[in-house]
Amino acid sequence: MNVVFDPAAACPADVRARAAAVRLACFDVDGTLTDGRIVLDGDGRESKFFHVRDGQGLALLRRAGIAVAFVTARPGAVAARRAAELGVECHAEVGDKLAFVRELARRHDVGLDAVAFMGDDLADLPLMRAAGFAAAPADAHAWILQHAHWRSTLAGGHGAARECCDLVLAAQGRLEAYHA
Amino acid sequence: MNVVFDPAAACPADVRARAAAVRLACFDVDGTLTDGRIVLDGDGRESKFFHVRDGQGLALLRRAGIAVAFVTARPGAVAARRAAELGVECHAEVGDKLAFVRELARRHDVGLDAVAFMGDDLADLPLMRAAGFAAAPADAHAWILQHAHWRSTLAGGHGAARECCDLVLAAQGRLEAYHA
Amino acid sequence: MNVVFDPAAACPADVRARAAAVRLACFDVDGTLTDGRIVLDGDGRESKFFHVRDGQGLALLRRAGIAVAFVTARPGAVAARRAAELGVECHAEVGDKLAFVRELARRHDVGLDAVAFMGDDLADLPLMRAAGFAAAPADAHAWILQHAHWRSTLAGGHGAARECCDLVLAAQGRLEAYHA
Amino acid sequence: MNVVFDPAAACPADVRARAAAVRLACFDVDGTLTDGRIVLDGDGRESKFFHVRDGQGLALLRRAGIAVAFVTARPGAVAARRAAELGVECHAEVGDKLAFVRELARRHDVGLDAVAFMGDDLADLPLMRAAGFAAAPADAHAWILQHAHWRSTLAGGHGAARECCDLVLAAQGRLEAYHA
C-alpha cells in the first residue's frame, strides 16, 4: 500500500506542533466554512453555501475525539442548520470571539494553546492572535493572512476547513486509520 | 467532415479497456455530480447545483444502453429530483457503497469489472478500489485521486461527469453517431 | 475622447461580416445564458443563474432593432421569467432547434444567414451548422467549439452572451452611440 | 508590531488624493456588490449573492463617518434587504444615476469631488466620469475599466467593494485603528 497523502509532512515543525496540540477546533462561518456569499432574496430569506468535503473533515475531527464549534458574529439560523447536521456546537451573534472562546475552552477543560481557530476577517483577529493554532483560508483578508500560523491552499467554502482538519489529524497521527 | 473530438484517444490503453467494459455507471452526488456545495437556508431547505452538460452525458449513456445510478451517503430528496428528471436510479443514505453497488451490479446482471464509479471523498474509496473503472473529478480529495484509474480535467459539478460519460462512449465506439 | 473598445476590430473579416448581417439573435439558455447550473431543492423547485451584463447586452441588441429570442430544449418556467424581464421571446421545450428557428426566422422575415445562434452542447449543433453566425461560450462542449464561427472569452452565464452582443453591435457600427 | 497592510501605499498619488477626499461612497449593486448573477426561480423569486467581506468594509466606512449608499437601476427588494442589514441607504430603479447622485451629494452637503462611485457597466458611465473617485471591479465591462480611476484586483461580489473601502480608509489614515 502506498500512502502518499500526509499534509503534516509539508509543514514547518512549529505548525505541526501547534496542530498536534489541538483539542478544540473552532471555525468562523462566513468566508471560512462558506465562500463568503450572503445569498438574499426579496423576502429576506438568507442562504449560505457550505461544502460537503469540509463536513467530512469536521466529522473526522469529532470521530478522533476533538471538539468542534462554529463561532460567528452574525445571526446563526443557517449556520445552526449545518451544525446540527454535523452534530457540532454552533454559537452565533458572538460579539467578542476571544472572550467567548476563552470561556468555551474552559468549559471543555483545555487552554487556549489547545484551541485551533480558523477565520477570515477583522472580527477574527484577536482570537487568532491568542489561539494555539490560528488558521486562515487562502482567500482571507490580508489582515488575517498576516497573523495566521498556517493558511490553506483552498479558499473558504471550497475545502479550506477540510485542509485544516486533515492537517490536525495528520499531526496527531490519526489519518492512517483511513488507509487500508 | 473533420471529427477531432475523441476523448478516448488521449487515454492509456488500460483506461480505454476499463471504460470499454462499462455496463453500469454509478455516480456519487455531492462533489461529483455537484460542485460540493451544500446550500442551506434558515428553514433547513437544502439545494444543490447540478450541471446541464453532465445531464446530457448521462442521457447519452442511457441511450447507449448503459445503466446509470446515483449512489449517495447523504439524504436524497434533492438528488432524487435530478435523477427523476434524467430517468435514472437514485439510491440515497447508502452507508456502505461497495456492498450496495456489488448487489446493484448483481441485479443488473454484471460483475464489478463492468461497473464505473465516480466519486470524490473518503466514503467512495472502498468502491473505487473494487470497481472496474474508478473515475474522480479534478478537484476530488487527494485520497481519491490517488486511487482513481482516471481523473477528469473539469471539477465536480462543472462537467466532470460529462467527461467520464464521453470517455466511456468513445471507448465503446458510440460517439460517432453524434457527428453527421 | 479615446474610444478603444471595439470587439469587432480583433475579429477575422469573415466573422465581422457574419455578425454584420444579424437581424435575429437566438440564444440557448442553460450553459449559454447561464453557467449551466441546474439548481434544485427538495421540493423540485429549480433556479438558474443569469448575468446582469448579459441582460444589458440583450437590451442593447433590441434597442438597435435586432430581434432576440431564447430557444431551449428544457422546460422554460425560469427562462421565461428572465425573458419577460428583458422583453424578449422565450421558446421552451423545443425538440428540434434548427426546424424551430428556421420557422422563427421566416416569421421575422429573414433568412438563416441573418440569424445568430449561441449554444453550448449537442442539441445546438444542427442549428449552429445552419445559422449565419454560430457563436459559443468559452466553456462550451468540444463538439460545439469545433463548429462555432466565433467563441467568447468569457464562460456561459459570466458574460459570454454580452460579448456576442457587443460584437454584433460593433460589426454593425452601433456601439459608437454609447461613447460620449 | 509589523503592519504591512497598506493598500494606499501601492497607488499613484492622484488616486490616493481622490480616495482621501471621499465623504460619500456610492455603490452600484449587480456586478459590483454582487457577482452579477441574477438568480431566478420559476415563481419569479430573485436572489442575489453579496459578500460578507464587502459588508465588513461598508461597516468600517460608516464607522469612519463616511456615508454609504447603494444606487441601482434595477428593482431593489433584494438590495434593500442587504442595505438594511448594514444600515446604509438603498436607492433602486434609478434611471439617471448621475442626476440622482448629484442631488444625493447635495443632501449630504458635499460636492461630486467628495463622492466615490463603484460601478461595472454602461448605466454607470456618466456618473463615473463625474465622480471624484471612480472605481471599478476587476471584471467590469471594458467600457467601464477605461474610465475608472482605479480598479480592484478582486471581481464584483468577491471582495471588490471591500478593496475600495480599504483604500479609502487607508488614504484617510483610518486603518491603523484596526491594528493593535
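A, B, C and D label the chains in the order they appear, each numbered from 1.
By definition in this document, contacts are C-beta pairs under 8 Å (C-beta built on N, C-alpha and C of every residue); 3 or more make two chains touch, one makes a residue touch a chain.
Remember, it's a predicted structure, so these values are computed and weren't measured experimentally.
The greatest centre-to-centre gap from chain A, using C-alpha centroids, is found for C. Chain centres here are Cα averages; for chain A and chain B they lie 30 Å apart. Mean C-alpha position of chain A lies 43 Å from that of chain C.
Along chain D, residues 39, 47 each make contact with two or more other chains.
The touch graph of these protein chains is a ring, one cycle where each chain has exactly two neighbours. Working note: touching chain pairs come out as A-B, A-D, B-C, C-D. Within the complex formed with chain D, the chain A residues making contact are 30-31, 34, 36-44, 47, 74, 120-123, 125-126, 129, 139, 141-143, 146. By the touch criterion given at the top, residues 2, 4-5, 39, 45-53, 55-56, 60, 77-78, 81-82, 157-159, 162, 178-180 of chain D touch chain A in their complex.
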